[in-house]
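In the two complexes that follow, chain A is the common piece, with chain B as its partner first and chain C second.
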Partner chain A sequence: MKFSINRAAFIKELNNVSRAISSKTTIPILTGIKIVASDAGLLLTGSNADISIESLIRADDPDIGLTIDEPGAIVLTARFFSEIVKRLPEQTMTVTVKDAFQTEITSGSAAFNINGQDANNYPHLPEVDAADSVVLSGAVFKELISQTVIAVSNQESRPILTGVHFVLADNQFLAVATDSHRLSQRQIELPTPSSAAFDVIIPGKSLTELSRMIGDDDSDVKMQFSENQVLFLLGDTSFYSRLLEGNYPDTSRLIPKDASTTVEFEAPELLAAVERASLLSHESRNNVVKLTLTPADNQVTIFSNSPDVGNVEEALDPKEITGDDLEISFNPDYMKDALRSFGQTTIRVAFTSALRPFTLVPTEDTSNFIQLITPVRTF
Partner chain B sequence: MEKQEVYDQFKQLEGQIQEVLAQFTDLQAEMTQVFEQNAELEIENQHLRDLLRELQRDLPEAPETPQGLSKSRQILEKLYEEGFHVCREFYGTRRKQDEECAFCLEVIYRDQ
Partner chain C sequence: MPKIHELASVLADQIAAGEVVERPASVVKELVENAVDAHSKQIDITVEEAGLKRIAVVDDGDGIADEDAEMAFKRHATSKITDRKDLFRIKSLGFRGEALPSIASVADVTLTTSTGGVGTLIHNVGGIIKEHTAAAARKGTSVTVKDLFGNVPARLKYLKSPATELARITDIVNRLALSYPDVAFSLVHNGRELTRTTGRGDLQQVIAGIYGVQSARKMVAINGSNPDFKVTGYVSLPELTRASRQYISLLLNGRYIHNFQLSKALIAGYGSKLMVGRYPLAVLDIKMDPLLVDVNVHPTKQEVRISQEPELTQLIQETVFKRLSTENLIPDVFSELPKQKKTPEPATDQLTMALNDASTKYEFSSAPQSRPAATRPTPAATRPTPVASQPSVVADASAVAPKRGPQPLQTPEEVPVEPVVIHARGDFKLPAVQAFDEKYRTEQPAAPLGMSKATESAAERPAMASQPVETIPEATQLTQAKPQQRFPELRYLGQVHGTYLLAEADDGLYLVDQHAAQERVNYEFYRQAIGQVSDDEQKLLVPIVLDYPTTDVLELSNHVETLSSVGIHLESFGPNSFIVHEHPTWFKAGQETDTIKEMIDWVLKDGKISVAAFREKTAIMMSCKRAIKANHHLDDQQARALLKKLATAENPFNCPHGRPVLVHFTDQDLEKLFKRIQDPHHSGDDWGE
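Now for the complex of A and B:
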């Protein structure tokens, strides 16, 4: 195998694929990056137990300056290889595989010789069926991920809840996550009618990694499945993740249907007030802020108190408020995560009682995005 | 005391401490198990009562509290407040650091 390539373009793809490579893997060959040179171009593969990333660098792309002199394949230890490529002196570089997987990397007058491994020993990536697939714009998909992964559990003792539950049925694409303390649910009607259907749980960590790879050019992301894998196609890059096994709990029943008190705020204003109150709640053992709502007087107050430091009280400016008087306490960090996910918009907060979860929705679209927070019991 | 004797006594004491520690750990595990089992049984009992009531539709609903909770829901609420999950998802396990659980609250307060 022998090829030459523009170093900058190569480094970019190398970085993408390296996201999947860990030096702490139990399968030694997976510390390597697999490179396959063919007439089509270079195919780079990186993989760990959870995700695999495969990227094609096309030979016919003039910006990349790729010349394949001899097709072939090799696995090179990712850590060394990346460091070497980044530090080479010239704009272009050449990789040549010699006898016994010895690989020479040259650029200008620098020449490295490193040990490679037989690419035939590298595990095969799963076959993925294109039958039930979803195509969404990169920006929409990135937003959906950022809105739901905040509610994913980080407790490995609850493996199912470390994922986001995706359901496609009747052209409605639903993503929901909960760590049992809060919940976030986003729903999107597919732009083009589809008869596809699926019900899967994708690890939150995979989605965070995927979202970093979705560029700002807003090109489409295609999602398709195999038995236990999901594949996301982003241009010439394929991102595979394992699926979580098991049944996701029924979360629809967690969302209260009625409300006894509702109040509307500008999300950034409420966020700023909660951030101020949490300055003190963070100094207290139980990290709680209290909201007191008096609809008759158009009044909402936020309060927090730390026995060691002091307390804070602020009168808020609700845009609209109706229903019964209520005093409710909650963890401000959940509230902050939820409010940040709304951005610049007006939100409606709906309460049922001081003991039951409350919900936040944007007023402009009250049915497709909902955040739920469980209050803290105070006695 | 001879040095050797001091060493021997230390060694002996160390063995005893380790033994006590092992006993302590065992007891703690056993206690947790008993508590969790107790919570599980109470929930199971609750489910059976619900089932019984469903089977005998004419049986009067247990008296309600001012908050509108039936007797059986009150038991679940009490268990929750004592620090146990009463939800199907984490059934009978301890609520770590008194974490709030949306699944439990749904079981306790859902509309009848």
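Now for the complex of A and C:
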């Protein structure tokens, strides 16, 4: 195998593929990056237990300056290979595979000889058929991920909750995540009617990596599913993720329909207040802040106490408040995550009682995006 | 009157007593050793008030003839050696002829003895014989010591609490019992029996009598020899440990001794199988030519000099290592189950959504968690407990375990999973029982105590050392008959909480800690790799000067070449100093001097060093850091790859820190969990299905 390529273009793809490569794996060859040179171009592959990324660098793209002198395949240890490529002296570089998987990397007068591994030993990537597919705008999809992935559990003790539940039915695309303490749900109506329908759970970690790969150019993301894999196509890059097996709990019933107390805030203002209160709550044993609502006086106060440090009390300025008096305690970290996902909007917080979950929705679109947080019972 | 005069013999005896008779336990030791030397088969020790009021040792040994009896109270009077030649070939426990006169000089001693005919009674108070008459006595000797230290109040003052003194007495009797399994010992304190051994010659039974049946079951016999030494005994499996070295008994030609080097060798035999700060239980019986050992070092003879000690330590280490490396060291779950602890209820309660609840109401389980960090599965919390905390594991296991009945068996030699029912003793001969025995034998090599499971259900109550069961010899023979497969062939089933791998083998279910498993695999790689350092040396601008005391300098001059081989070139620099001009490049910057000093200390201590051994800690750290952690999903392929590599590891049972890598639920454990095996009393009627 032998090829030459423009280094800058190569590094970009190399970085993308490297997202899937972990230095900790039980299969040593997976610490490597697989490079296959063919007439079509250069195919880079990285993989771990959760995700696999495959990126094609086309030979016919003049900007990349790829010339394939001899087709072939090799696996090179990702850690060294990317560091080497990044530090090579010249604009272009040449990779030549010699006997016994010895690989020579040259650029200008620098020449590296590193040990490669047989590409035939690299595990095969899953196959995903193209029967069911959905296309979404990259920007929308990225937003959807960032809004839901915050509520994903990071505990493998209930593996199903480490994923985001995606459901497509009747042209409605629904994404839900919960770690059993809070829940985040986002719904999108597909711009182009689609007959496809699916119900899958995608690991949160995979989605986080995926959203980092979606560029700012708003190019489309195409999703395809198989039995236990999902494939996202972003241009010439294929992003595979495993799907979580099992039944996602029915979350629709968890969202309360009516409220006894509602209050509206500017999300950034409430966020700032909660952040202040959490300065002390983090020091205390329980990490709890308390919100006291008195609609009659148009008053909302936030309170937190750390026996060792001191306490904080702040009167908030609600835009609108209706309903019964209420005193409710919650974990401020969940509140912060939720509020950050709203950005610069006005939100409506709806409470039913001190021991029931409360919801947060943006006031201008109350049905498509909802954050739900369970309170803390204090004694 | 001359200034220098000879001391009265009573006074001289009292001075000698200071060395030999320190405390009640010393009296017990000396008297019991005498009894052992007199070829006794039964030695009964009765103690009152921790020995201060009364100590009586009754044996059925040779006895003392009437004409010898008074002589026995003379200092340096003994029947055990006669000339100088014997002093270097001591086969008895005592030989100095000091014990009895020493004891007599500080107490009120009554000796009743008979060689078979008419007996003798001697009453000696404070070293003076008050009475010597003929008496009725059975064959053997009985010594009663009263009023100990009554005439040396200073000694009395320095005794510890009665409980401590009693503990010492018990300890010494235990050690002697371990030394002589074929002698029946009993120790009674204030009418309560503390120790009893059967004298049947089975060391493991003695161990069970002293340390408990559970512990004895977890000990394996060792056996090693070279032309000079023969080492036998029992050592505990790594899962059974204690926090101190107290539980290591070294017996040299039947004599209980203290020897740090030998204990160290024993522990070294365990290698990385022991957890940090834990020590094994062990009884090592070392037999050697009495010529090779000098016991005449200390009056109580607990310290001895052994010639060719390095060869002996080497033998012990290798014997233990070899024995454990043939052993399946996977702890069985049932014996490992800890008692469940209740965590105190925290002051707050993070409510959780009832995600699987079908009702339309919100229901909140009051899980005692105030934030997500608290839900992290700590190893202790997720420790496999039978049904309560991990029902899923158990459910999985039952789903995959080979079903009973018509399904074809997986291996031809596998025994059908059928309850083996024993109604009468004659049933032991049934082929089903034999096969059952054969099948489970491998898990419990300590068959005589553990007994085969089949016999256990027949026995009225669990076998205690004092209640041997008839079937024991059979089981023992079986144990030695067939070699064991050491590590099971694991078939991967699934992952639990992203932390444990579930695997089955022919003999049951295994839970593997994925982090520990990869740590072990990595460790075996890095342990090799880390020893292969380059020979390159970094020159020093300012040389390192090391000062050592003269004794160390003399010792080190013997080892200059050893150090050279690991890259430290010492040059003499004045009488008590060495100078080092360069050091190996693998030394960590800033720690060069400390590293050199530490390596020199190793050489001073052990006389040898290798880079791999020295850098073991680094290897352990690297293997830990490069291993997958808990709470980490593995796909099937990766999990299988890990189990496959684990199977090829030299010691797949412990991580480098000594924690277990996998635990085992035997088929029988699972059956017990599901109550498929009923209480032995009801066996035979209906069996679950």
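Everything below uses one rule, namely that the second predicted complex is superposed on the first by the 379 of 379 C-alpha atoms of A that agree within 3 Å, B and C clash if a C-alpha of one lies under 4 Å from a C-alpha of the other, contacts with A are read in each partner's own complex, and residues count from 1 in each chain.
The rule we apply is simple: a residue touches a chain if its C-beta (ideal position, glycine included) is under 8 Å from a C-beta of that chain, and two chains touch if they have at least 3 such contacts.
Fair warning: this is a prediction, and the values are worked out from it, not measured in the lab.
When both complexes are superposed on chain A, chain B and chain C clash. Which of chain B and chain C touches more residues of chain A: that partner is C. When the shared chain is aligned, chain B and chain C each come close enough to touch A:180. In the superposed model, A:152 lies in contact with neither chain B nor chain C.
In the overlay built on the shared chain, the residue A:242 is in contact with chain C alone; chain B does not reach it. With both structures placed on the common chain, the touch criterion links A:26 to chain C but leaves chain B unconnected. Judged by the touch definition given at the top, the superposed model places A:1 against neither chain B nor chain C. Residue contacts after overlaying the shared chain place A:287 against chain C, while chain B stays out of touching range. Of the two partner chains placed by superposition, A:370 touches none, neither chain B nor chain C. Overlap of the chain B and chain C interfaces on chain A: residues 178, 180-181, 183, 249, 253-254, 355-357, 374-377. By the touch criterion given at the top, residues 23-27, 30, 49-50, 123, 153-157, 159, 161-162, 178-181, 183, 203, 242, 249-251, 253-254, 256, 285-288, 329, 331, 333, 355-357, 374-379 of chain A touch chain C in their complex.
Of all the residues in chain A, the ones that touch chain B in their complex are 158, 178, 180-183, 249, 253-254, 257, 353, 355-357, 372, 374-377. Those residues of chain B that touch chain A in the shared complex are 81, 88-90, 99-103, 105-106, 109-111.
Every residue of chain C that touches chain A in the complex is listed here, in rising order: 346-353, 355-356, 360, 362, 364, 366, 370-372, 375-377, 382, 495, 497-499, 518, 626-629, 631-635, 637-639, 641-642, 645.
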